[in-house]
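In this document, chain identifiers A, B, C and D correspond to the written order of the chains, with residue numbering beginning at 1 in each.
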Amino acid sequence: MRYYFMNQEMEEFSIDVEVGLCKTFEFTHEGNKKSLQVRKLAGKHFYSFDGIAWKKLAALGVNEVLVSNSETYKVYRGYKPSGLNKSGAGALITQMPGKIVKLMKNVGDKVTKGETVLILEAMKMENEIKSGADGVIKTINIKEGQALEAGFLMVEIEE
Amino acid sequence: MRYYFMNQEMEEFSIDVEVGLCKTFEFTHEGNKKSLQVRKLAGKHFYSFDGIAWKKLAALGVNEVLVSNSETYKVYRGYKPSGLNKSGAGALITQMPGKIVKLMKNVGDKVTKGETVLILEAMKMENEIKSGADGVIKTINIKEGQALEAGFLMVEIEE
Amino acid sequence: MKGKRVLIINRGEIAIRVAKALNELGLVSVGVWTDNETEPPHLEYCQEWVHLKGNNNKETYLDIPKIMKIIEDYKIDGVHPGYGFLSENREFSETLAKKGVTFIGPNPDAVYKMGAKDISKQIAKEAGVPVVPGSTGEVATIEEAIKIGNEIGYPVLLKAVAGGGGKGMRPCASDKEVKDNFAAVQREALSSFGYAGLLVEKYILNPHHIEVQILADKKGNVYHVFERECSVQRRHQKIIEEAPSPFIGADEAVRKDICETAVKCAKAVNYDSAGTVEFIMGEDKKFYFLEMNTRIQVEHPITEEITGVDLVANMIKVAFNEPLDFKSQDDIQIRGHAIELRICAEDPITMLPAPGKIVGFETTFPQGIRFDHCIFPKFTITPDFDPMIGKLIAKGFNREVALRKVRNALDGLIIDGIKTNIPLHKVILNEENFVKGKYSTAYIGTIKPQEKVAVKEDIEAFMLKIAGIELNQMGSQS
Amino acid sequence: MKGKRVLIINRGEIAIRVAKALNELGLVSVGVWTDNETEPPHLEYCQEWVHLKGNNNKETYLDIPKIMKIIEDYKIDGVHPGYGFLSENREFSETLAKKGVTFIGPNPDAVYKMGAKDISKQIAKEAGVPVVPGSTGEVATIEEAIKIGNEIGYPVLLKAVAGGGGKGMRPCASDKEVKDNFAAVQREALSSFGYAGLLVEKYILNPHHIEVQILADKKGNVYHVFERECSVQRRHQKIIEEAPSPFIGADEAVRKDICETAVKCAKAVNYDSAGTVEFIMGEDKKFYFLEMNTRIQVEHPITEEITGVDLVANMIKVAFNEPLDFKSQDDIQIRGHAIELRICAEDPITMLPAPGKIVGFETTFPQGIRFDHCIFPKFTITPDFDPMIGKLIAKGFNREVALRKVRNALDGLIIDGIKTNIPLHKVILNEENFVKGKYSTAYIGTIKPQEKVAVKEDIEAFMLKIAGIELNQMGSQS
């Protein structure tokens, strides 16, 4: 089984896994192999790379979005989704669900890097969404008051 | 579905249950009906008899022996086991797994109620097992040093 | 008091904390759930569950007529508002008073006087308590705000009259910044507290945020339960709190002074519940009255841990005219040290909210940890509510022990599927200045611990996530 | 000390408690499992897991050569014995000392002197500490025991030299009873402690069992951490403990006297670890030295709760020559009140062990509860080990609050599938004499709370069990 991980910048990598008897996992990543054992004890799961040192493992309820400190990864189990392209500093994408409070620019407006393009309210906070590059507003896919899911391309800026 | 409960004295009673939609349980016991709702919340189960007041419910892992304060009940789901007879004060049955330390009587010996018949070690404690009736030792099914499961008929006394 | 039916108009960890205290005292805890909360974990501790219909806070936790209807329908004797929502709303506490329903909090007059920052400042001044210079009343227009800014000198802070908890407040360094921010702070004030009124005040640089816990009964007895240091803040919201304050340290004269000043403030409004008097303290240890929060505070557990006083239970008791657990100020003593980390669903580097669905949750804590939270696997954090999902509290014989325990607890806290500020807390707990207890509210801005959060995880971390998913695929019998 | 590898030669809740402290201090906790324990819950907190092969305690937790082999194979630096098993075994601590392995406990000489009750009594006497009359040495024969019985007068107590925890001890009221019980106590002593030697001593009627916690370092500093009242006993085993003692109450002179006497005892054997000096106290508040337990005690948590001293962490620190958390006796003060209930797999009426399999486990606790336990659904309690499966500990601002909390906690503790003493605890916690704090070790025998345990449950209880089983049948997705 091959797992694909993809972060917000659409950077991607994969890890192969083979599940053996007694919850033994054999991983392959960029040619390197590593094995992992899992045991269930007192209703909880534990993992070990050497069979001696054990740590608690959270059994994951879904295989949607996984997070590694400050990066969010989508996980694809056994398939690689098509149509995912890299997007650059000029693509303003919602990082969390929210609502558009104010839109400051129109299509064709010039923007400089760091300039506020719109205000997005999320979790009761107003967040200024700034341009990641110097350029011109190419497309606007939102309007004020609109509620958005995470991962929505709000504005594209042509550099 | 009919449930049978049987305690250590082989006293028995039954409750009927009908499981409806959305985890609604309809119970019938000796002609009386009662209904119960169950909801799952934050990974735990809760029950209510009136839909307003809720309490936590333990989802039971097995349907073997259930306990009510000082009584132990065996539970039978959907069937009534055959061959279970009432046994009286003259039947010395292990209440817990243990090991015979000492056997004080032989077959044919007279015993009085409260007299120690044997010593059973369980959980590091020596327990004196006493006759529940005046009578004569009819059968002995054990020997010193023998390890026993719970529910084993060790000695029968004829009243 | 026993058998009284108390409605909790709140959610999350504070609703759990309140329900626990109600149950223990023999009252009936009645909890609510709204259309936005399909599996509200706080109901676990509530004896009765009531549906508060509605999709947003204005239709639910802030809807006074709807709540009054529930109070009538369910024969409610008292209400606990928790923090936020209607906890400091004069109209709500007055409506309850009129209906003869016990509000578990101070009398409406104290809510009103201390709830409105302009009046509270005036009262503090009159009671001889030093205050930070600023507008004495509400500031209605940008022009007025700019005028005051020039009078008291920039930087100034624009803040909501009805606010608290860091929401609806922004510092401004110039006329232009006042102009740019005024409308936004008004909007935030309106959406968070239902009232858009603003204040302007002097913005003191590098101050300490130190607050004093008050506990008072309805017979005029007002006690302090010592201070908390809440200077580790981001976006003017606390993320780490300690008790006692490492900045006050062994300076018992300052501790006595600030605590007695807090009692003075509380007495000035005939305070009769649990509350908190907030101060700004400069490097010279001079302190100024900031505001009084007339409710139970998020960070109340650290005070409970170092004094042994159950603040929530006592708050409920006094509301029903029962006596406090103690009879004199001397009965309350500090023993040991406590630290609280607010665990938030947010990016540890940008510190911006990051809602999502929790897919894994495990804890491995040392002795002496208290985790007040509402987390369970499959819990969804929606953008509708505050991103705080738990409070990790460590108690130790001294600060060093408490630090050791909270560090170890943080290593044993796994929350999978969402971004949290756990990695940020790990950096702070090992950062030199924090370890020494040397920090002001400028800490996050100047030390920038967020920049030391590792962005990329080791490849092993991804293997563990794969193992977790595979185990889940194998089913529950595995 | 950091990075040292410590083997825990114990199981259950105490192994968890020790592992937590090791992890927190930055040491490596190494746990063991035996053939009898297929899912040992204590490994949850151990960083490394080692198989200790064998089917019974003699082949496992008491097998010194086998343990020494593991110590060598796994490069172990130190050993924590917990309580019971090898915790007070001179041979074991000497063997470790010879190999240069740190024993987390007192020096072998103190283990020897205090471990053997005959010698400890002599030492106490010489240190000017009052002792209960009895045999000064080991009693080898029934005849000798009867002779002493007649000298000091009946009733007398036959007890194991190596024992503790109520095992291997029986009261005898006559020559005949000594004769009848001698062999049985010897057998129990041998099977529980690996040594059959017995003592005889005066059996004081209606006494209080009060013990003092000691914490000492390797530099000669010996501190007391105040007393515990352990008078609620059945079969000479504690089931409820409190700190501070309600019998001593506000009598600070007696408290000071008994605590300082305990320090005197500890100093007499150059004690250098955590330990407990046990006393019998009569109605006149005169007390007699009973024994010193040279190990961490089951009931240590209540002392931790009222003083804030982490006994287990400090015990580990001093073993590795690290300083204690405090520098003077005055640093340690009592704040509040703590009560511990031992939750045992036993019949609540007969109070006899009742092993079995746990099929359901849920908790709903108020704030201020600590539950040190090793319970999980599907956990099987085997007859091989002690029936204690958990310790429910409540801390309150005063005794009334602690009682309120522990009562509420007990109502929220569901353990399904086995008999437990929870119903007995519920009776005791509401029984008049206990509520007033008026009880001696005769409490269970004279008040007989077990007779008030309801035998039959309401039919609703059975319906709930059916619902639980049906839910389980529906599967985990329900």
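Simple rule for what comes next: a contact is a pair of C-beta atoms (placed from the backbone, for glycine too) under 8 Å apart; a residue touches a chain by one contact, two chains touch by 3 or more.
As the structure is a computational prediction, the values presented were derived from the model and not from experiment.
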Chain pair showing more contacts of the two, B-D and A-D: B-D
Centroid-based (C-alpha) most distant chain relative to chain D: A
Length of the line joining the C-alpha centres of chain B and chain D, rounded to whole Å: 30
Length of the line joining the C-alpha centres of chain C and chain D, rounded to whole Å: 40
Euclidean distance of C-alpha centroids - chain A vs chain B, Å: 55
Whole-Å gap between the CA centroids of chain A and chain D: 51
Interface hub residues of chain D, defined as touching at least two other chains: 44, 364, 377-378
Residues of chain A whose C-beta touches two or more other chains: 40, 44, 56
In the complex with chain C, residue positions of chain D that touch it: 17, 20-21, 23-25, 44-45, 304, 307-310, 312-313, 325-326, 333, 335-336, 364-368, 395-398, 401, 404-405, 408, 475-476
Residue ranges of chain C in contact with chain B within the complex: 39-41, 43-44, 46-50, 374, 376-379
Sites on chain D touched by chain B in the complex: 167, 184, 187-188, 191-192, 235, 347-350, 352-357, 359-362, 364, 377-378, 382-387, 412, 414, 416-419, 423, 453-457, 459-472, 474, 478
Chain C contact footprint on chain A (complex, rising order): 1, 3, 5, 15, 17, 19, 23, 25, 27, 29, 34, 36, 38, 40, 44-45, 47, 49, 56-73, 75, 77, 95-98, 101, 119, 121-127, 150
Chain D contact footprint on chain A (complex, rising order): 40-44, 46, 52-56
